[in-house]
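Below you'll find the structures, each written out as C-alpha cells.
Note that subunit A is present in both complexes that follow, paired respectively with subunit B and with subunit C.
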Partner chain A sequence: MKSRENREGIFGWLKFRGYSIEKILYISQRVSGVGILVFLITHILNVGLIYATTGILWEPPGLIGKAILIILGVIVIFHSLNGIRLTLVEYGFLVGKPIRAVYPYRMTTLSGKQRLAIYLVTTVFVILMYFWTMVAFHLLGW
Partner chain B sequence: MRESTKMLIHYITGFAILITGAIHLIASNLKTLEWIKTTPLYPVSQGIFLATVLYHALNGLRVILVELMPGYRSGKIISYTLLILGVILFVFGSYVLIILFGER
Partner chain C sequence: MERKIQFKVFKFNPSIEVTPTWRVYEVEVDRGTTVLDALLKIKEEQDPSLAIRYSCRQAICGSCGMMINGKQRLACFTRVLELNSKIIYVEPLSNYPIIRDLVTDFSELFSKERSVKPYIIRDDVEEMSNPTGMYLQKPDELLSYLQFADCIECGLCSSACPTVSTDRLFLSPMVLNKAYRFSADSRDSGLVHRLPVIDSEHGCWRCHFAAACSSVCPKGVDPAKSIQLLKRMITSTNIFKKSRKRIVEISSRPHVTLSFP
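Right after this comes the complex of A and B.
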C-alpha cells in the first residue's frame, strides 16, 4: 500500500488552487473527452442495433435528445479547438525558448505564444458558442 | 508500440476526425448538402471516421486509466481490454455501414 499513498486519483483533477490556467483546460479536455466517448459508444450501439432490427435510422426524441445534442456540440467544439492547441504545443510549435533562472524570474516557455494560443482558443470558443446558441434555439423551436 | 507512437497516431486521427466528422455532421444535418450521402466516397469517409474516432476515443480513455492506475500489469490489462472493445465496436459499426450502403 506504500506506493499508493501519494495517489490522488480522480479527486486530484479537482484541485485548481495554485495551478495555471492550463490545468483547467487539461481537466476540461478530459471531462469533455469522456463525455464524447459515452455518446460515441451509445450512438454506435443505438443507431446500429435499431437500424439492424427495425430498418429506420433512429434519432433521440424529445427534449432530452435535443439537450444531449446541444451539450454534445458545446463539448465537441471545445475538445477540437483545445485539441488543435495541444497538438501544436506537443510538437513544440508554441513553446518559447527557455532562459536561465535568474531573478526576476520569467516563464518564457508558458507565456508568449503559448498563452496567446490559450486566449485565441477561448475567444474562438466564445464566438462559436454565440452561433451555437442560435442553433440551439432553432433546434428547440424557440 | 512506443507510447510516443501511440500519441502520434492519436494526433493524426484527431485531425482526420476534424475532416471526416465534419463531413458526417454536414451530410446528416444540412438539408441542402444531403447529396453528399449519394456520392460513392461517402461510405469510405464514414468507415475512416468510424476507425479513427474509435482509436482516438479509446486511446484517450487508455491514457486516463493508465494515469489513474499506473503499473506494467494494469497497463497491459487496460490496453488489451480496450483493444478488444474497440475491435468489437469497429466490426459492429462496419457491419451497420455495409448494410446501410451495401445496396448501391
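Right after this comes the complex of A and C.
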C-alpha cells in the first residue's frame, strides 16, 4: 500500500521488469554478496563454537557441508567475475566516451564495451562452472 | 483507427485521504495519442478532479514523469499503443512524496541539486561578473559534457535508481549527472567546491551501477555514464593527484562587442 512518502524501500532493489540486464546483475551481485557474508559469519561462529566446546578444529565435511561448499563456490565465482566488471566500470572504463545525444538515443553504458564485458563474464562463468561441476562430483565421490 | 483502452489511474489526496484508490477509465485512442493526451481527455470528459502536472507536451519541460505500466516514463513522450497492452496502469513516480494523484514533490531533489553548485565556478570572479571577452571551447571540449547538458530534469532517473529507494539522502543520478556536467566543462574549475557534497557518504560512491537511470532516461543523457566518469575524475584528482584539465582562459575578441545591461 502506497503512503504519501511513496518510497520503494528494499523492493526498489529487486525490481527488474522494464529495466536492463545490468539491473538483474546488480540484484544478483547484492544477493550473492549477502550470501557470502552470511556464510562467513555462520561459518566462523560454527567452527569457533565447535572448537571451543570439543577442541576439534577440522573435520571432513559431511553431505550438507559439501552441498554448502559447492553452492558457495558457484556464488563466489559469480560474485568475483561480476565484481571485476563492476570495478572496471565504476572507475570509468568500459562506459564509453560522451557522445552527442541524437535521437534515436543510444546509451553507451547499455551497449558497446560494457555489454561485451557482460558477455565475457557470462562465458567465463559458464566455463568455470564446467570445471566446478567436476570438482563437485569429485567432492561428492560420484 | 480508434481503439478503446482501459486506464487504471492512481488517485490519492494525502491531505484528506488515508489510503489511495485506483479508478478505471475508458478512453478512445489512436496511433498518435500519448498517455498525456489520454489523461487530459479523462480530465476533460470523465473526471475533472484528476491531478496531473505537465507543460510543454513535447519532452522538453520534464514535468510529466510518471510510472506507466510500472516503468518511469514521460507521459507526453509515450504513445498509448506503443505500450501494447489493453490495460494501462498510471501511477505517480516512485520515491518522491505524493502531492496529489499523479503529482509528486521534487523540492528535495532540487535542493540536492543546488547543493552541488550547478553552475560554472571560476577563480577570475571579476571577469565572471564584468565580462570583457569570452571563453572559447574546442569541439572536443564541448563534446565532453554536451550529452550530459541535455538533461531536462524530469527526475525519472532518480525515481528508478535502487539506491534512492533505500537512501533518502543519496544525491541521486540527476544531481550527480549535473555535478559532472559542470565539473567536466573546460571553463569550470569548481570540482573542489563540489567535492564535500559529491565525495561524501551519500555522494557518488553510493552508485553501484544498476544502470536503471540510463535505461529510463528519455533524453539520451546516460547518467550512469556521467556518474562513473565523475568517480574517475575524483579518483584521479584525489588519489593519483593528476592535475585537472587545462581551464580555458578568457579570449577577448575585438570584433565582438559585448553589451550587458
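Here is the rule we use: the second predicted complex is superposed on the first by the 129 of 142 C-alpha atoms of A that agree within 3 Å, B and C clash if a C-alpha of one lies under 4 Å from a C-alpha of the other, contacts with A are read in each partner's own complex, and residues count from 1 in each chain.
Definition applied: contacts are C-beta pairs under 8 Å (C-beta built on N, C-alpha and C of every residue); 3 or more make two chains touch, one makes a residue touch a chain.
Given the structure is predicted, the values throughout are model-derived calculations rather than measurements.
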Subunit B versus subunit C, judged by how many residues of subunit A each one touches: C
Touching partner for A:Ser80 - first (subunit B), second (subunit C), both, neither: first
Touching partner for A:Phe131 - first (subunit B), second (subunit C), both, neither: neither
First, second, both or neither for A:Ile44, with subunit B first and subunit C second: first
First, second, both or neither for A:Ala52, with subunit B first and subunit C second: first
Touched partner set for A:Val34, first subunit B, second subunit C, both or neither: first
Which of subunit B and subunit C A:Gly96 touches, first, second, both or neither: second
Residues of subunit A contacting subunit B in one complex and subunit C in the other: 9-10, 30, 90
Touch list for subunit A against partner subunit B, complex: 9-10, 30, 33-34, 36-37, 40-41, 44-45, 47-48, 51-52, 80, 83-84, 87, 90
For the subunit A and subunit C complex, residues of the former touching the latter: 1-13, 15, 17-20, 22-23, 26, 29-30, 86, 89-92, 95-96, 98-103, 105-110
In the complex, subunit B residues that touch subunit A: 7, 11, 14-15, 17-18, 50, 53-54, 57-58, 60-61, 64, 68, 89, 92-93, 95-96, 99-100
Touching residues on subunit C, where the partner in the complex is subunit A: 10, 12, 14, 19-20, 69-71, 91-92, 94-98, 104, 143-148, 150, 160, 162, 164-166, 168, 184, 207-212, 214-217, 219-222, 224-226, 228-229, 231-233, 235
